[in-house]
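One chain, chain A, appears in both complexes that follow, with chain B as partner in the first and chain C in the second.
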Partner chain A sequence: MTIYYFICNDHKAAKDSVHHSRRLKLLLHRPQLTAPGAPPLAIHHARSSTIRVSPRLEVCHPRFTAPQAPWSSSPNMHSFGYRANALFTFAITILALVCAMASLSDSLNSPSPSAHVQVLNINWFQKQPNGNDEVSMTMNISADLQSLFTWNTKQVFVFLAAEYETPKNSLNQISLWDGIIPSKEHAKFWIHTSNKYRFIDQGRNLRGKEFNLTMHWHVMPKTGKMFADKIVMPGYRLPEEYR
Partner chain B sequence: MINDDGELESDQRMDWQGQKLAEQLMQILLLSFAVVAFTTGYFMASFQMMILTYFGGVVLTTLVTVPNWPFYNRHPLEWLDPSEVEKHPKPQPSANSTSKKKPVKK
Partner chain C sequence: MASIPQQLMKAITLGMIVGCALIIWKALVCMSGTESPVVVVLSGSMEPAFKRGDILFLYMSKDPIRAGDILVFNVDGRDIPIVHRVIQVHERQDTGEVDILTKGDSNNDDDRVLYAQGQLWLQRHHIMGRAIGSLPYAGWVTIILTEKPIIKYVLIGALGLLIII
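What follows is the complex of A and B.
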């Protein structure tokens, strides 16, 4: 029977350590930890307590923690708290991976939405006291956005914008109406409404103006990246004179 | 072995082979439950089903891996009795401190 003492440096400190140590633990010969003829292992552990007998030498007391097995890739799995922590961390990491895969699966979806807007009536068309033009109109908005929904879609935010060009700005976009579509069943809709938000120009450029009505949407996922797209519907025109 | 706090030494609860087994089991179980959860959610077109399946798997893995089941302690280490310590006194260092090997052969 061979008994190995676990001592960190040389044995000069062993004599002094007898006075300082309370109990030394001896380990039976374990060939996989030390080869015969090899010097004794120095076991350092994060929780081990060392008693310094001189500034140069230490004696490690493995009693406080058992030595690490060389085949264990994780240094601490020997306590309930450590295992629970390792499991929790790994589970959350894997959850992040699963959510990333769910988000990537959205790219497999090729949507085919459609929309149509009919301007029924221009309610009034006036010049404001501060000099800006303002229009109020009634529209029929119908759209089929069902193909945008996947299993990873939380909701779709859709809005209708009037777009036109003026000498001052190359592109003006005015949001006339918006809505939130919470699920696929509500994604095919038809709505008869006046413009929810005021259509006001910066200036007096709207008389006889040709404009596009563009339906924009933002698909908000449950996990992952939000993406946006639009359908442009050209060919609308405002009246030549104020009403 | 009882340490100074009066608790069982950690090796008595789960040995080295058991720790390795517990770690491997945890990783394999969590990964396989993640795959199962993703396919379940994808083919049922329900994000909620995926999350519920996965967390059910996490709970199951916790029950299998975290407590000190007996099958984790099948290869316990053998520690010497403290009475043996007195029978084998520590080797005294020799005059030349270059020699670092001091086994006591019986």
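What follows is the complex of A and C.
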């Protein structure tokens, strides 16, 4: 005797009141289990379609669906909340992807910038009361940074730093001037300025000091990774004596 | 009201979501080498580069700190970290330690007014990380939640209600 054990979750069959009361159906191959007087149950294979065996008893699809756990709740896939959540997640993912691609496109750019600095005059060169040397100078700064700009560039931050070595410090970097270039048109410039920020040493090492003037730039993107590079211009020298 | 096993399933699902979020956050902390790999810009002192409400991605490597780096640092006695650019670096010959001076791009003066009383330089242990990338406007949610805590309580209450009901 084979026992077919299946759970009926066919919505059409649920309309029949007989089925409403029977979530679990046991179908046996023994003819004597039919109602007395009714025609015998047709013996059908597990994968057959619906067979009407009596006017009142409707057998539902004997599919072998996996037994459904009685405690799980199937969510409504068409509710507003579900759709809004799916849409929002998709939108955020696509946005992140587009931002990443925009940032990647920056690496395709191969820039060729140039810069030149001329120190016109040392305005004064003194020892401060706290014992540190200080210099003030006037410079001509010219540069062409147009090749750094891409469509994803928000601005380029450029600054000029004096770099030198002392017995105590292996490296000193002091920013003398900086500027923000907002667009490609402003990227080719020539300015005549004294140092914007004070050139003060940690000590009294600046007399006769040789230093490099390095032009650094930081390309700031509208979205994504920042790039930075520099041009080193060596060969500048401070005077031997205070003035 | 759902049955007990249904409620348990909901609680387990919620626990798994929170656990996944925590794992992702800790992995980020590990990869970036700093305790807060993502910060929100609160002030306008680095405009026009970083506006208020932008998100900054931080990364801390053993590379030496050089002029021009944008650093996020903590000042002793202040609880909110500051995001500014390095304008002076003095690196010692023997130990490799650095003295750093910073300044916000749109500020006129350097940051000595922001440092602790009597402090002239920053050292490496003040630095939380270097900014390597940014995402505009993405931090406004955090700013609104921090400055109007009512919205935070309303949101958490609504979430709690959704879970219970």
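Following the convention adopted for this analysis, the second predicted complex is superposed on the first by the 165 of 243 C-alpha atoms of A that agree within 3 Å, B and C clash if a C-alpha of one lies under 4 Å from a C-alpha of the other, contacts with A are read in each partner's own complex, and residues count from 1 in each chain.
Operating definition for what follows: a contact is a pair of C-beta atoms (placed from the backbone, for glycine too) under 8 Å apart; a residue touches a chain by one contact, two chains touch by 3 or more.
The structure presented is a predicted model; accordingly, all values stated were derived computationally and were not measured.
> In the superposed arrangement, which partner chain does A:97 touch: chain B (first), chain C (second), both, or neither?
first
> Identify the partner contact of A:173: answer first if only chain B is touched, second if only chain C is, both if each is, neither if none is.
Second partner only.
> In the superposed arrangement, which partner chain does A:202 touch: chain B (first), chain C (second), both, or neither?
After superposition on chain A, A:202 lies in contact with chain C alone.
> Using the superposition on chain A described above, determine whether A:222 touches chain B (first), chain C (second), both, or neither.
both
> By residue count, which of the two partners contacts chain A more extensively, chain B or chain C?
Touched residues of chain A are more numerous for B.
> With the two structures laid over each other on chain A, which partner does A:155 touch: chain B (first), chain C (second), both, or neither?
In the superposed model, A:155 contacts chain C only, not chain B.
> Which residues form the common part of the chain A surface touched by chain B and by chain C?
In chain A, positions 71-73, 222-223 sit in both the chain B and chain C interfaces.
> Can you tell me which positions in chain C touch chain A when the two form their complex?
So the residues of chain C in touch with chain A come to 2-3, 5-6, 9, 48-49, 66-68, 70, 85, 87-93, 96, 99, 105, 110, 131-136.
> Could you pull out which chain A residues touch chain B in their complex?
These residues of chain A touch chain B: 1-5, 10-12, 14-15, 18, 23-28, 37-40, 63-66, 69, 71-74, 77-80, 83-84, 86-87, 90-91, 94-95, 97-98, 101-102, 105, 150-152, 222-223.
> Under the stated contact criterion, what part of chain A meets chain C in this complex?
Checking each residue of chain A against chain C gives 71-73, 99, 103, 154-155, 157, 159, 161, 167-175, 178, 180, 182, 197, 202, 216, 218, 220-226, 228.
> Under the touch definition given earlier, write down the residues of chain B that touch chain A in their complex.
1, 3, 9-11, 13-14, 16, 19-20, 22-23, 26-27, 30-31, 34, 37-38, 41-42, 45-47, 50, 54, 58, 61-62, 65-68, 77-80, 82, 84-85, 88, 90-93, 97, 100-106
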